[in-house]
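Before anything else, here is the set of structures, which you'll find just below.
After this come two complexes, each holding chain A, first together with chain B and then together with chain C.
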Partner chain A sequence: MSGRTTALRESTLARALALVALAGLVIVIVSGRLSAYDNLELGYGAYYFAALAGLTILIGLSGQVSLGHGALMAVGAYTATLLIANEGWAELPAIVAAVVVTAAVGFPVGAAASRLSGPYLAGATLAFAVGLPALADKFPTLLGGENGLIINPPATPSFLGANFSPERWEAWIACIGALVVLFVLFNLKRSGVGRSMRAVRDDEIAAALCGLPVARTKTLAFVISAGCAGLGGGLLALVLQLAAPGAFEFQLSLDLLTGVVLGGLGSLTGALWGAGLLVLLPGWAGDLGHSLSLSSNVQDNLPLAIYGVVLIVAMLVWPTGIQGAVSRLISLVPTNRRRRG
Partner chain B sequence: MKVKVRIGVAAIAAMAVAVGCGSLNLAAASSSVPGVTATSITFGTHQPLTGPAAPGYDEIAPASQAFFDYVNAHGGVYGRKIHLIIKNDEYDPTLTVQVVHQLVLQDNVFGIFEGLGTPTHTKVVGFLNQNKIPDMFVASGCACWDAGLKQPETFGWQPNYIIEGKILGQYIKQHFAGEKVGVIYQDDDFGTGGLTGIKDEVPAASIVSTQPYQSGATSLATQVTAIKSAGAQVVVEFTVPIYTAIAALTSYTLGYSPQLVVSNVGIDPTTVGGLLKSISKGTASGTALINGAITDGYLPSFSNTTNPWIKLFMKIKAKYDASAPFDGNVEYGMANAYTLVQALEAAGKDLTRQGLVDAVNKMGHTFTGPGLVPFRYTTATHGGYGGVQIAKLSNGDINAIGPVLETGPTSTSPIVKYTGKQPAPPANGIPS
Partner chain C sequence: MTNFIDYTLNGISTGAIYAAVALALVLIWRATRIINFAQGAMLMITTYIASAVISATGSYIFGFVVALVSGLLIGAVVERVIIRPIENAPPLNAVIVALGLYSLLIAVAGMIWGATPRSFPSAFSIRGYDIGGTRVLFAPNDTFIVLVVVAVALGLAALFRGTAIGLQMRAAAFKPEIARLQGVRVSRLFTLGWALAALCGAIAGMLVAPSVFLGPNNFDPILISGFVAAVLGGLDSPPGAVIGGLLLGLVLSYVSGYEGSALVPLAALIVLVLVLMIRPTGLFPAAAERRV
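Moving on, here comes the complex of A and B:
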């Protein structure tokens, strides 16, 4: 009996399912108590989480730094929006298509990137991030230019009742996507593929000598990560009912990287912290900017400055991110227990 | 590993609590009408306080706020003071969606007032109408606000760009007959609306080149070069101020000086002059590069300091918005705020969202104020002013030339002279 329980506890799949089920339950309960606006922020957090989790796996597990994930989110968002608005697709297949298309776009980028490393890889993906959103302006008839493309809000299923707010439904959709990412990546991290990625990250030559296909492993990591970014982008389009180039400027790629690093590199929980920060920090910075009564010229630009200062301070105080700091605090607990046991 | 999972669970719970705490203050709003109490009415607005459209336009909402402060100091409307929550959307549609949801769902505003921009505000019209939130007097002349039956909550205010384009086009047809015309326009409903109006009036054979640009572009070299090589002698611009300035500097470096015809929204001399100076790093000073441009207005020109409305607005600005220059943007913000106060007065003491919309539908066409022409409001027509007066920029001032003209947004509606006189402002400056 106890043997079976241990086996269950050791099983990655069972743990992943339990984690997702628990997180799902928390979301269902919490979203019912939230105001419409907080549900919307929950949705923002969920689409950020999808993209951040993919990026943190790419950087932390396979050791590749991408500055192009904002552009990959754009691919996902535009794919979903075009399919829903022009082709009349339902939300679910459109989101799946967004993941597939973005992963497909990520393939050549990842394949090219697998030949590069360090700053060269960052440079290649940087070019991608800067160049891609300009396509919307290049093909204004199809992609709507700066004006963007709009879709109707996803219809709330009738079985949820008339009082179920559309914002809560959007939050649910985004959270389901985030949970799928959580499930897949939680398993990936602990799978053979995940171990290969770590081996490649730590020493490419040693990994190659062990018979691991280095380039293929790196490309696979990039494609999976791109798929997650595409999902994040598709969910963004559903939550905001809009895909416009302004949302996917280079700043977004930097924000994603910031979120990953601040949250704690390579950790899915860190991606959760990062998502929370990306949603809440601009608002806090804005409020702080407004509470100091300054001239409007200073006040309007202050949130960005505060944001920057917070980043610098956080990196000085917690170089391993929030998750690193939390782990260090919690690592004190098992020591006591071991003594007792 | 187990510890890690547990941290994950703890983090999820912590996030849930953090988000949950933010929601408690909503329940505190007790009034049955959101954003209204016995002593206050709260509106929200989205404005480009930073970003490409910010120069000049960032003065508009503070000027409206100044007018409300003035009204509030004189007792408000039915004893209620008007508050305006200004959110920065950087002229980025995605941010517009986010801040408008925040204003409505979190800040619980009564309505949206003077939301600025065509590419931005079009993204929230659906949300505002679905939730029956009054969307008063959008700060954009898109013809798309004028759909009272489809979007009962949304009201335009300034003349729409088709009307403006038609009247500018007629002027070109009459005064620059036979000359080649080029058009530079922002590639959205703002620019295409203006272009539609121009094409209604200017013979197709005269229009030699039409050049769109994307808001956010950093250069107009391609567009200006194309128009120059097409040999245009008259260049029409449906541009926001920064692109008026960029086009003027590009033309100057190309040694090209056509007759300019610029939409009302893109010509404010203080704004464009300041931009010319800052973009050229001080080389271009003043408004020499745009001097002589033909434009139009639907309010008395801000440089007409003998006009009683301008006197009133200057007095209010000096007291409540002292740091801003007095220019077309400040005048715009005050005049629009004046109209909102009129609408609130008309809606009566028992203010509801539907009541405000009904009041403008029923009484809007009778509102008089600083406008040169009447409003077009009915239940079906939610466009604002129905005409403009041609004006000319000379030495930093805008001077009206020619009669006040009225028309409709369709190509069949004729352009006619409006002969009604502008009423004087009420003695205390507050509509009653």
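Moving on, here comes the complex of A and C:
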């Protein structure tokens, strides 16, 4: 094994950069071959991934469950939309502001969360998810009430040529955001901070005895995760050109939870599986409903029923999710090149 | 001033309903250390069943009884089939399973009964009493609500304090291993706890449905309020749940009256965060903490 590949394997930063570059290349090539509709779905997948990656790190790495990430996405989406529509900001600073504002909202929630154990935290974030969308009704002039706020589609830069479809550009923007999340969280997971989070998750008392600041570590995990949700929300606003309360009901938080559980808690690759599921499953369920000629009541609720079954079955028989199954399959392949230790 | 009296009276009757939901959550928490996030969906199903029975037979009482029986059955089946296997798993797993059950039940209700909310009959008149020429915001049906919840609370107190099975349930909740060694059938009592909780939930559903209407998602806010009320009361004590429910009912009724009903869920959140920050074990913590 040459020295250069060893360095590549051992430097997390280099691996993260290589991974992001590779993923970016794949996205550039693939998005050119997709239809406008498929590019739109790619964009959906990218903003879901940003939020799911943040959530899977929160649950899997730091052991805190949040049922309020849908509401945090709403914070990001509304921040970006307000800045673009009312203040005339460009997309990039508006997205950055969405991340900052959502992380700032996440801070008190996270600080409160760091004192709460599992079910209490779940209940508090649940109340957050159900309570927050009501604000849009309370301040209809600023937040647009039930109809929400609308923005113009982001302008495609001229150097990409006249044939570059706006959907493809939106997909690119969303994917760039998703890659930033991937890069940051990939490094975080393997850093000292990530290790502290795992220590706190596994045994708070032991972690505190080792000198780790338990409350601060948990709050940090929540703030980072909230920032990712804010980015996901901001990207959602750019892709849909809309921020409306109907998009951020409690159901969104449940969808996100389903995505991370199905993908496999704590796994970034799992978040990718989860994002794919959230984008594709409603369409599949619709097709299935059509082919079985089910009534519209049944069809509309089929994805929800599948999510419910997935959550229950995954916890009862398959707690590691898709990524866990994939890892097991890979580990079954005999190899003499895998390093031990 | 009349407004204030109206909001107070209204707070007592909604608070009684929150207390019933909080009792359901507390019973399950005591038995299995799980917050049943599917409680709102479970009582939604029993109320739909009651609605079908009432419109088929025309008898409210019969519908009420069927709701109670179906609540008992659903609670027991849920505990046996999906909660038993994760009894010793990390708490997060139970949260996720409960949410899965919530999704599934909401979807099933939507498939069978559709998404459009429908009206639900009340047991008694909802026209407020006439006191000294002014109509107050408290009707015969509110009296019924308060009396039913008081009866439930007294019944549970009698069960826990006065019967052998109640003593066994308390022992099983307090120290399952030791109770098991003494010959208590702990697992059966857990099932019974879930069944009783679902029964309380079914009662709450029957009481609240006339005012929130009957729809797959219409009981979500009730679950939040019930949870906040249960946490207010310390999650471990049935009397605490009743007091927490009444307190929260009053607070939310004032918020809804003076600031508008849209802010009620947010106000519930604020109450919850304040309580958890100041007294994380609730206003009425159990005497002995159990570390899990």
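FYI, the second predicted complex is superposed on the first by the 304 of 341 C-alpha atoms of A that agree within 3 Å, B and C clash if a C-alpha of one lies under 4 Å from a C-alpha of the other, contacts with A are read in each partner's own complex, and residues count from 1 in each chain.
In the analysis below, a contact is a pair of C-beta atoms (placed from the backbone, for glycine too) under 8 Å apart; a residue touches a chain by one contact, two chains touch by 3 or more.
These figures come from a predicted structure and were not determined experimentally.
Enquirer: After lining up the shared chain so the two structures overlap, which partner does A:L19 touch, if you call chain B first and chain C second: first, second, both or neither?
Expert: first
Enquirer: Considering only the touch criterion stated at the top, classify A:A244 as touching first (chain B), second (chain C), both, or neither.
Expert: In the superposition, A:A244 touches chain B alone.
Enquirer: Looking at the overlay, what does A:G32 touch: chain B (first), chain C (second), both, or neither?
Expert: So A:G32 meets neither chain B nor chain C here.
Enquirer: Scan A:D137 for contacts with chain B and chain C and give back first, second, both or neither.
Expert: Touch partners of A:D137: chain B and chain C.
Enquirer: Could you look at A:Q323 and tell me whether it touches chain B, chain C, both or neither (first, second, both, neither)?
Expert: The first partner, chain B, only.
Enquirer: Tell me which partner A:M315 touches in the superposition: chain B (first), chain C (second), both or neither.
Expert: So A:M315 only meets chain C here.
Enquirer: For A:A127, decide between first (touching chain B), second (touching chain C), both and neither.
Expert: second
Enquirer: Quick one: is A:D300 in contact with chain B, with chain C, with both, or with neither? Answer first, second, both or neither.
Expert: In the superposition, A:D300 touches chain B and chain C alike.
Enquirer: Intersection of chain A residues contacting chain B with those contacting chain C?
Expert: Dual-contact residues (chain A): 137, 300-301.
Enquirer: Going by the contact rule at the top, pick out the chain B residues touching chain A in the complex.
Expert: For chain B paired with chain A, touching residues are 1-9, 11-13, 15-16, 18-20, 22-23, 26, 49-50, 54, 58, 62, 88, 90, 92-95, 97-98, 101-102, 105-106, 119, 122-123, 126-127, 130, 187-189, 212, 214-217, 323.
Enquirer: Which residues, counting only chain A, touch chain B once they are in their complex?
Expert: Chain A reaches chain B through residues 9, 15, 19, 22-23, 26-27, 30, 33-38, 40-42, 44-45, 137, 140, 145-148, 150, 152-153, 167, 240-242, 244-247, 267-269, 272-273, 276, 280, 286, 295-296, 300-301, 323, 326-327, 330-331, 334.
Enquirer: Help me check something: in the complex, which residues belonging to chain A touch chain C?
Expert: These residues of chain A touch chain C: 59, 63, 65, 67, 112, 115-120, 122-124, 126-128, 130-132, 134-135, 137-138, 250, 254, 257-258, 261, 297-298, 300-302, 304-305, 307-312, 314-316, 319.
Enquirer: What residues on chain C touch chain A, complex-wise?
Expert: Within the complex, chain C touches chain A at residues 29, 34-35, 37, 82, 85-86, 89-97, 99-108, 110-115, 220-221, 224, 227-228, 231, 260, 262-269, 272-273, 276-277, 280.
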